[in-house]
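Structures are listed in the sections that come next.
Across the two complexes that follow, chain A remains constant while its partner is chain B and subsequently chain C.
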Partner chain A sequence: MRLLQTFHKLRYHYLMLLPGLVLGGMFVFYPIFAALFYALHDWSGFNSDLVFVGLGNFVALFHDPIFWDAFKRSMIFLLGTVPLQMGLSLVLAVLLNNQLLKLSSFFRTMVFLPVVTPVAVMGIVWTFLLSPFNGPINGILLDLGMISRPIDFLGKSENVMGSVILVYVWKWLGLTMIYWLAALQTVPDEVYDAARLDNCRGARLIRHVVLPIILPFALAILLISAVGALNVFPLIMSMTNGGPFFASEVMEIFIYRTAFATGDGSIPRLGYAAAAGVLFGGVVLALTIVQALASRASKGKVEGATT
Partner chain B sequence: MVKATTRGLSRRSFVMGTTAGLAAAALGGAASAQSVPMVNKITSGSTFRWIDSGDQKAVFYNKLFPQFAKERDISVVYDALPWKEIAQVVPLGVRNGTAHDVFALPQNVNPADAVAQGWVQPYDDFIPNIAEWKAGFPDGAFLPGINEFGGKTYGLPFTSNKRYGTHLLFNRAYMEAAGYDPETTPLNWTDFRDAARKITEAGQGRYYGFIIGGSQLGRWAQTVRNMGRMAGASAGGDSVIEADIDFRTGDFVFDSDQYVAAIELLIAMQADGSMFPGIMSMNAPQARAFMPQGAAGMILQGPWNIPGWEGNHPDFDFGVASGPVPDEGPVGKLTIGQGAAAPNTMWLFSGSQNGAIAGEIFHYLGTVQGQTDWANIVGAGDPPIFAEAIQRADMSGRAKAVLNMFNDQIRVGPNPVVGNGDLAKVIGAFQAPEINFARTVQGLVAGELKGVASEMKALKDRYNSALDAAFAAAKADGAAVDRSDLVFSNWNPDVDFGASDYS
Partner chain C sequence: MRHLLNPMRWIFGDHRPTRQVALISTLLTVVCLIWIYPFLWMISTSLKSNAEIFANPGLIPRGFAIENYQRAWTEAHMGSYFVNTLLVTVGSVIIVTLCTSTLGYVLGRFKFPGRNVIFFGFVATVFIPQGFTIIPVFELLTWLGLSSNLYGLTLATSGHAMVIFVILFAGYFSQLPKELEEAARVDGVSFLQTFWYVMLPLARPMVVTVVIMQVLHSWNDFLLPLVVTLANPAIRTLSVGLYAFKGEQFIDWTGMAAAATISVIPVVVLFILLQRYFINGLSGAVKG
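Up next is the complex of A and B:
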């Protein structure tokens, strides 16, 4: 009864929520539950022959070495990008946070520019830049005498992951830098003033004063970056299509290929792909939960530090 | 309402379409679509929708449909979408009852399944004198289990399957400097490698001997399959229960000497440095685009390049010739599973109320006039199925030369589904190994896999296991099938396999 009264009292609030709930239901919640449903079935996606297989798809996935290879590559991609992205962006943020630095706004904009450029476009542009035939990167390396013959950055398995990792870091560096800048803005001016009075400047100021204050943000930034690094479908599709010979096939490419693009005339396995998606989604969800908890914890610490 | 609308034209479709449009314009009045005869009673004000994979087909339909719609006081919506999108749009449309009136089947859906699932309806009632009309098509165009089911006609087989996507296209200047003339004497395997090496040496880093879109996996499978078959490894090449299967034994030919030698040739050319750098991260359209730029001397590709290059790059002097032939012995024929090109076969949606409209277009495309109009605009890329239309059409010398070459090199082989319709269930159940034929070849050429013969033997074992599993699944589903259904002991790869040969 009390619940109904509360509901009636707040009916306009709930009414305002309705459009969001409907859209969220259609485009977020329904696909999640549909994926769970299909993951329990053997289904091509083309016909009505939906065969319930229980956990069969999951069991098959656990025995599929190509799935695990793709999973491993996603983890390699994550470990290859996140530390580099966070380290470089922190350095840039510290440098560009200095209001006295001339053109700091211009440099911030330049670093951020790739973030707002469509990923697929960037991917295609980078394939030209990295091309071993008249590609400018190889041209520069050749002119500098650093290499004697062009490097096939995207066509050799030993180079491809490193190449896409570097392009990814370049693409998203600006976003992580903005996170760091936001964190740096929380450092009170008085703290800088007090440090300067104590003759603490430059690297010492950063290391002993600024970093401890912004460290609580690091976990949140780390986890946001980690979740982002697991969503690399358009970049890898546009640059390598997962090749050569699976060398850059991360989890999302595996799921897409299994669900839609078998390319060999055989029927797609939407149920199997849905199971892989559910497993992968579980990993991302776990990271997101950790992120939420970390954000809450860091918020508490920052509030404690500044009060 | 009088309207003809085109939606979803992809960039590639646009480029190809523009190209073909330019070529068509260059051909003058002969390239314009004719008025479609009115053979049915049509309700004015109807909206009729058609979807296919576009490219040069889009140019034809964009000319045809506005006039067609105007004459009948109807609206026609034409959607040209890439195959990946057709694979999503068509099944979704069928499921929710909003599919286009006429559609191309997604490439992974076999016709028997589409009929069994109630996706499509027969169009016999919408073509006047359909028996007479069908008699105008060449033998093998209409086949039970392929486009005829239960004595009814379901699919419109209006373009020819007699083409292959790995014939030689080359830069004439580079080839002449290398000392070869493939248009007079087709290159054998040794010449092919030598020509690639000589062109590369002459290029000194500015251009290379051979290019292939290596990230597009199917290119590797097609190249090895066709080189192997021309060298004598007889096998089918279309569906999953034909491709790379020797119909005399019913077994895969992946580990045949010819397939192994074809892969070793590609590896050797890679080792020679004759292959364009960066092929493994390049798709087929990107690779094709390097040819008119003079960056590569040879490519093994399809006839669809001809109108594009002639229209967009009139100064590019290129030749067309046979794919590489064996060093010695006769040149093997390329086997196809049916006379009509499956991807272009059009189907009438079961929920369509516009069968009469579809019937008029189908009827027109099955006449000499319609076929000639088609050939005038679409050209060699999707050749018409009527041989007479090819002769009557106003095509370039290269296009006619390549189509004549196809007639000489390609034969219709057995189609197991015609022999036993239940095999459609095997196709539906077949799951190719994840490391499939195309990936294996790519892996071997890229150096990711070692030992061609052993890898191809392992590949054959994987495919045999997958095929056995598909047969088992089909049997469990009630199909009366056996692997002996893939054996046609009376098959001669050098001659067409006719309807009477199945008995």
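Up next is the complex of A and C:
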């Protein structure tokens, strides 16, 4: 009875929740459970019947070398981009955080520019820039005498991952840089003044003052960057379609190709693709949990150090 | 004293700040030139004639080949794709702002049965990648009969990015003083009116941030419009349209560059005009 009274008293609150909950229910919560459901079925299209196969799709995935290759490539991409992106952007942020630098905001804008532009569009522009046939990047490298023959950046299996990793870093460096700047700017000036009075400089300043303050941010930035590096569908699709010969097929391209691409005459396997998505989502979730735990542990440590 | 974070100072000590600044500026200028080179090349190529691109590899075009833009706009259908993208963007911004501000307001300011379930339900899904849910989303749109029209695309574009905005709004509203609603109630203002006339205007900075982030998301989205437009090329967005254009016309560099410039310019202009809000909004995401 009391619960009913509460509901009645808060009826406008619940009413106000409704539009957002309906939208979230349709496109956030329902798809997660539906993906889990499809993953347990063999299903080739939107009109045909679902056949329950239990964990059959997962068993098949474990024995599918193409799936593991795609999984491995996603991990290579993650390990190739995240340290590079975080390191370079930290250096840039530290340089830009210099108050004597009058053009700081101009530089910041320029480095940030790629972040706001459509990924797929810039991916296509980069395929032209990197073209081995009169592409401008090869032209510049030839003019500088750094190479003697044009390099096929995207057409050779051994080059393609490195090339897409560099383009990815170009695209998203500005975003990580903004995160670092936000972190650096939380260090109040008094902290530096106090450190200077205590004659704490250089490496000791970094180790005992700056690092403990930005470390919790570093973990948040690491997580955002890691999750970002697993969402690379638009960039790789627009640059290589996963080619040449699957050499840049990461998990998302594998899922898309298995579920939707029927160009090569094969039957769409939506259940199988959903199962791959569940496994992939599981990895992302695990990453998130690990990061959250690490973040909590490090925050405790920092608080312990400052008290 | 932020310049103490400057590595040049650790090397040079407290001397010659001007020399350091000059050094850093030079370094940063080089970085910026590399960073904006793709844009300069794109715009420059879009203004060259087809005969000129290989004869004149420099960045300054000899003339203004406006016909590239005409070709991209009509023959490559970039004009209609532009309108589609604009409609999806405006529609999803309105839906997202209304749905997430109301949800964030109630979740951020009130305790009620079910609040924690809803709130942590949203938080738990923040990092689920788009590729994970694309199949059920497409299937749901098909079931609703919206799988190959702009309504479906707009709705799905709104739903796909809303979680982070709900969390941002909830955080923002929870920080506003508690007395606001009481004062409104004393004045006899209803709950919905309080939200619309008092609370939402107070949350304007967050509204601006959410609007900008949703504009970016919807203008730049690729996987969802690619899947939704598979059956109906007429409703392609700019990104998908350019991707299809590349598949059909990979020789037409200048037309492609013009089409790319058409897709990129609106967001770049918006960014440069509203830069402060972009940066603040994104910084808030990492601080929060």
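Criterion: the second predicted complex is superposed on the first by the 256 of 307 C-alpha atoms of A that agree within 3 Å, B and C clash if a C-alpha of one lies under 4 Å from a C-alpha of the other, contacts with A are read in each partner's own complex, and residues count from 1 in each chain.
Going forward, a residue touches a chain if its C-beta (ideal position, glycine included) is under 8 Å from a C-beta of that chain, and two chains touch if they have at least 3 such contacts.
No experiment lies behind these values; they were computed from the predicted model shown.
A.B. asks: For the combined arrangement obtained by superposing on chain A, do chain B and chain C clash, or do they fit?
C.D. replies: clash
A.B. asks: Thinking of the overlay built on chain A, is A:F260 touched by chain B (first), by chain C (second), by both, or by neither?
C.D. replies: both
A.B. asks: Quick one: is A:T127 in contact with chain B, with chain C, with both, or with neither? Answer first, second, both or neither.
C.D. replies: Once the two structures are laid over each other on A, A:T127 reaches both partners.
A.B. asks: On the A-aligned overlay, A:I66 touches which partner chain: chain B = first, chain C = second, or both, or neither?
C.D. replies: Only chain B; A:I66 stays clear of chain C.
A.B. asks: Using the superposition on chain A described above, determine whether A:G277 touches chain B (first), chain C (second), both, or neither.
C.D. replies: second
A.B. asks: More residues of chain A are touched by which partner: chain B or chain C?
C.D. replies: Looking at chain B versus chain C, the one contacting more residues of chain A is C.
A.B. asks: Looking at the overlay, does A:R269 come into contact with chain B only (first), chain C only (second), both, or neither?
C.D. replies: First partner only.
A.B. asks: Is A:Y168 in contact with chain B, with chain C, with both, or with neither (first, second, both, neither)?
C.D. replies: The answer is neither, since A:Y168 touches no partner chain.
A.B. asks: A:F77 contacts which: chain B (first), chain C (second), both, neither?
C.D. replies: Neither chain B nor chain C is touched by A:F77.
A.B. asks: If we overlay the two complexes on their shared chain A, which of chain B and chain C does A:T240 touch? Say first, second, both or neither.
C.D. replies: In the superposed model, A:T240 contacts chain B only, not chain C.
A.B. asks: Quick check on the superposed pair: does A:K156 touch chain B, chain C, both, or neither? Answer first, second, both or neither.
C.D. replies: first
A.B. asks: From the options 42-50, 78-86, 150-158 or 168-176, pick the one stretch of chain B whose C-alpha atoms clash with chain C.
C.D. replies: Comparing the options 42-50, 78-86, 150-158 or 168-176, the clashing one for chain B against chain C is 78-86.
A.B. asks: Counting contacts the way the document defines them, which residues of chain A are shared by the two interfaces, the one with chain B and the one with chain C?
C.D. replies: After superposing on chain A, chain A residues 46, 127, 260 contact both chain B and chain C.
A.B. asks: If we count contacts the way the header does, which residues on chain C are in touch with chain A in the complex?
C.D. replies: Chain C reaches chain A through residues 1-7, 10, 17, 20-21, 24-25, 27-29, 31-32, 35-36, 38-39, 41-42, 45, 53-54, 57, 95, 98-100, 102-107, 110, 112-113, 118, 121-122, 125, 127-137, 139-140, 142, 155-156, 158-160, 162-163, 166, 190-192, 195, 216, 219-220, 222-223, 226-227, 230, 238-240, 242-243, 246, 253, 256-257, 260, 263-264, 267-268, 270-272, 275, 278-279, 282-283, 285-287.
A.B. asks: Provide the residue numbers of chain B that touch chain A in the complex, in ascending order.
C.D. replies: 84, 87-88, 91, 106-109, 113, 117, 208, 214-218, 221, 239-240, 243, 276-283, 295, 428-432, 434-439, 442-443, 446, 448-449
A.B. asks: Help me check something: in the complex, which residues belonging to chain A touch chain C?
C.D. replies: 3, 6-7, 10, 12-14, 16-17, 19-21, 23-24, 26-32, 34-35, 38, 46, 92, 94-103, 107-114, 116-122, 124-129, 134, 136, 139, 170, 173-175, 178-179, 181-187, 189, 192-193, 196, 201-203, 205, 210, 217, 220-221, 223-224, 227, 230-231, 233-234, 237-238, 251-252, 255-256, 259-260, 270, 273-274, 277-278, 280-281, 284-285, 287-288
A.B. asks: Which chain A residues qualify as touching chain B in the complex?
C.D. replies: My answer: residues 44-48, 64, 66, 127, 131-133, 135, 150, 152, 154-157, 160, 239-241, 243-247, 260-269.
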